[in-house]
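Structures follow.
Next, two complexes with subunit A in common: one pairs it with subunit B, the other with subunit C.
Now for the complex of A and B:
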């Protein structure tokens, strides 16, 4: 297992290296170069243009530029963003990355859970009205044109009903008198979310230790109590209102991304379950007289999960692309919107930085899914 | 070297290399076989409701695409109805709601929405089909070659496919649109290349692997067939049904990608469904909700309908290509 992990991480680093190389030569292949952002200004005299080119290192041969680019990238120097001038790309990204990650991770986790749960249920009870409705609406959500669907969500829930704000990350009116920065509040929110997840996982682990017979009646209040403590701390901290404002802005994008991506998992779970149900071991479990729910969850669904985890890679990529679209429609200032704005203003260093992050995120997702698969399927043993 | 006298022609053992009548008969027999399997497949395809529905939708859109040049030539005045430069002077207020002269109203710039819709249909088809042909051409070749040669060739192409799958396509296309001027043809080419070296290649390779071990490949090799002959005459024809299936899925993703990029305003196109929504969105008409429905519903519904029609056609074809699925649905 450790050997496999090491090898897989090695492969990832190699692929990352390939991506960096690819993007570097892409910039070389395009008409113009990094300096054209400045050099195209007709007011500049030629010698200043030459100076700018020299400052960017464009007078050196390509292989030398490539080596410098590699060295800079691996030492974390992604250059300075033209659009946000004095700020380095890494600084801009460090601010935006957590926002994307929250959107992406929440939506992926929720949509996977809902999709798996629904798919399991509709496969178990075939032919009902529920199956029909779930399949049709799932397929429609899956094929809907994402931007149009997102705009419709904004129109319905933000504009007509007025439940949520229309877009953006926060409401300036709420934040006007605040003496803390949005990043500080958001960072603390992330910390408390992480603390809560760790707590919930710990409770679950303890339960496993004491055997399956401990009823969930005990576990649920404990987890709920943990959540209440965190909420209480936020309410007393004085910046609870600001955090609530961010949460309000988050609900609609996360819900939209969840809605468009859960259907894929649901339809796949249904198909996979339908095949698993016919297996002999499911019939054996039934013949033993096990309760229906236990046969479904412990015998059929566990095995039906394997192809779903394999295809999780595709749905993760789908969610990454989806989050780029969702961010641009909701003006959610994450990496996707940053990428788009950088593309529109020809801010090449920021484009490359954002793409590097998105590439790394998808590669990481790929590796995590692979490792998860080994953990889930005991038949597979990697050396 | 200096042998004299007539040399008897050595009969080539390879099938299908004879010239003259034999060759013609061989081709005819092959065509008849193809026609029969096509008729069988067609029957299965038309049996499924999904197949009929999707085919009907695709034909309806094809008719729409064909209708535009005819309407422009005979019915519509280009000054008013041109999808890009037209302006309807007869309306006082733009965007105007649907009327007899403009069945789907006009857009914020005073152009006829129906004309835009029909005009864009053609370019969606061109884009989708070009991308699908490029994808399938590359993927079939890569799949067959990787399966046939195995070893280094195989692992090279499969690692490449893994790499491409791991990249989010829309984000990559956004970056490419920053660096190059993407028009319809380049977009189709890029989507085609990404699809062809990516996931489709893996699927076609696994199919080719199962063909490679069939006895007739062995027979062809014993009869003296070269590598290229075996790949092109014996392996690739068996990949084509599956390739056709993946053409459908590529069309869906190409149309979707084009719509998203046009919606974000990143493509160098004259008119498309995505641009229609982009125009309505930048004008701020979308939050009018149902009031300006003709600005978003026709284009949005067309994208969804055509995408899902090709997707469903793919699913119905899946039943033709994959007999196992057919039995399960009975």
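Now for the complex of A and C:
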């Protein structure tokens, strides 16, 4: 297990290195350089132009520039964003990355949960109207053209029904006169979410450790109680309204992403379940007299989950790629939108930073899924 | 042999068919037998004759395309075919347990072996505490010759023989009245096979448990059972005390089976040397289905199904039984 993790980490560092190299030369390959803006300005005298080129290090040979870039990247110096001058790229990303992560992790978690739940249900009771409806609507959503579907969602729920805001991260009217920054509120929201998830996991873990005789009827109210405490703290904090505003802005993009992607998990779960249902251990579970639900969840679905977890990593990466589209449509100021704007305005340091982030995230997703898989499948754990 | 009046299981006129793409396949026809508490019954016959199907019927674990068209399965006088699914569920494993034919994959790969046995014990409330359940599993492991520490291991860490023992321990875990062992040792090598069989026999008697032992291998059946039923093309064709049936078979099919084994207690071979084709269940010949392969067949065999010829508890469904003491019943 340790050796496995070491090997995996080594692979990750290597891939990261390749990503950095690739982005560097990709940017090199495009016409012009960092200093073109200034250098092309006819009003500047030649010696100033040279001065700028020297300041950027552009007078050095490419391989030297590359080494410097490599060193800077690994020491966390991603340069300064042109578009957000004088903010460093790292600072801009630190603001935008959590917004993207929250959006996509929430959507992935919700769509995975719904997809898995529906998938196992339709595989277990085959051939009903329910299976038919779920499969058809799932397939339709799955194949829908993302921007068009997102616009439809905005039109229906924001424009016609007016339940949610049309887009953006927050409503300036709500925030006027607020003495805290959006990043501060959002950061605290993230902390609360992390605290809640940790709490819920701990409760589940305790349940598993200290006797299976404690029914989930007990666990659920405890978790719910934890959620209520957090909500109450926010309500009393005085910035609850601001947090609520951000949440409101999140609902529609999360819902859109969820609707687009739950069907993938659902259909995959269904197929995987149809395989495991035929396994001898499922027959044995039934022979042992276990209740139907236990046979389905503890044995058939638990084993059906293995291939789905593998697919999760790919769907996560696609989702992050798709962040450019979704964030543009919903004007959600996350990494995707930032990347798009940076490309348009030739904010090269920011482009490279955002690409590095997306690459790193894909790598992380791979590792997380690997570790999850090791946890889920004892056959791998002991290899 | 145990007192026959103390009947645990009575199967009466059981018939079952599978719906297949080729049409209806009658896998079990009019099967009747009785099993006394604490005794061991063998079911033998070629592959595809319906042994597993009968076993699955007793547990009501049938695939969706199976339909029971007639018959009763009385467990302590109660017809299990009439129970609700929930009533049946509570009887599975508690009253009737099973060692499956494909025992290699019966253990769920993602759970510890001990945990899978504890799961059954908890479901049926056989032990009231976690510690009690664990102790019971340890006891069972020792009984089948496994180190109790192995209960913390996963199935893929077990060898074939260990898995088989674990599956037997699992089948014993809720003190069932009846254990069905469907080819429990075929996947194993002969030495392991022998040892497990001997242990099984040693366990069964003190527990007062009944066993239905299903096998191709009549040598094994001769070793472990009191009564034996011989199946051919979905029917029971001969039944009686194991020793009698194998010493002096009355049905020509039984005789062919026995003679294909040079010595019932000696060398073991699979049932491949039987002359002729095994029957096709969806297209059985009229009359006695064995007649195309039978050296004693006459005209009546080709047109009419034979009645039983019986003597005491011993019977055979044949027009010309090889044992003259059996007299035809009208």
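Basically, the second predicted complex is superposed on the first by the 375 of 383 C-alpha atoms of A that agree within 3 Å, B and C clash if a C-alpha of one lies under 4 Å from a C-alpha of the other, contacts with A are read in each partner's own complex, and residues count from 1 in each chain.
Rule of thumb we're sticking to: contacts are C-beta pairs under 8 Å (C-beta built on N, C-alpha and C of every residue); 3 or more make two chains touch, one makes a residue touch a chain.
Given the structure is predicted, the values throughout are model-derived calculations rather than measurements.
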Item to check | Three-chain arrangement built on subunit A, subunit B and subunit C clash or fit | outcome: fit
Next on the checklist: So in the superposed three-chain picture, is A:280 touching just subunit B, just subunit C, both, or none of them (first/second/both/neither)?
Outcome noted: second
Item to check | Per-residue touch tally on subunit A - higher for subunit B or for subunit C | outcome: B
Checklist entry - Taking the superposition as given, does A:346 touch the first partner, subunit B, the second, subunit C, both, or neither? => result first
Next on the checklist: According to the stated criteria, A:336 is in contact with first (subunit B), second (subunit C), both, or neither; which is it?
Outcome noted: first
Item to check | Which superposed partner A:290 touches (first subunit B, second subunit C, both, neither) | outcome: second
Item to check | Cα-centre angle that subunit B and subunit C span when viewed from subunit A, reported as a multiple of 10 degrees | outcome: 80
Next on the checklist: Once chain A of both complexes is superposed, is A:378 in touch with subunit B (first), subunit C (second), both, or neither?
Outcome noted: second
Checklist entry - Touch check for A:303: first (subunit B), second (subunit C), both, or neither? => result second
Next on the checklist: So in the superposed three-chain picture, is A:143 touching just subunit B, just subunit C, both, or none of them (first/second/both/neither)?
Outcome noted: first
Checklist outcome for this item: For subunit B relative to subunit C post-fit, closest CA-CA distance rounded to the angstrom comes to 9
Item to check | Touching residues on subunit C, where the partner in the complex is subunit A | outcome: 59, 61, 89-94, 97-98, 100, 102-110, 119-120, 122-124, 130, 154, 156-157, 170
Checklist entry - Which of the residues in subunit A come into contact with subunit B in the complex? => result 15, 18-19, 23, 26-27, 29-31, 139-140, 143-148, 151, 154-155, 159-160, 166, 274, 313-314, 317, 320-321, 324-325, 328, 336, 339-340, 342-344, 346, 348, 351, 355, 358-359, 362-363, 366
Next on the checklist: Quick check: in the complex, which residue numbers of subunit A touch subunit C?
Outcome noted: 211-213, 279-281, 283-292, 294, 298-299, 302-303, 376-379, 382
Checklist outcome for this item: Note: in the complex, subunit B contacts subunit A through residues 163, 165-172, 174-180, 252, 256, 259-260, 263-266, 277, 281, 286-287, 289, 296, 300, 303-304, 307-308, 311, 328
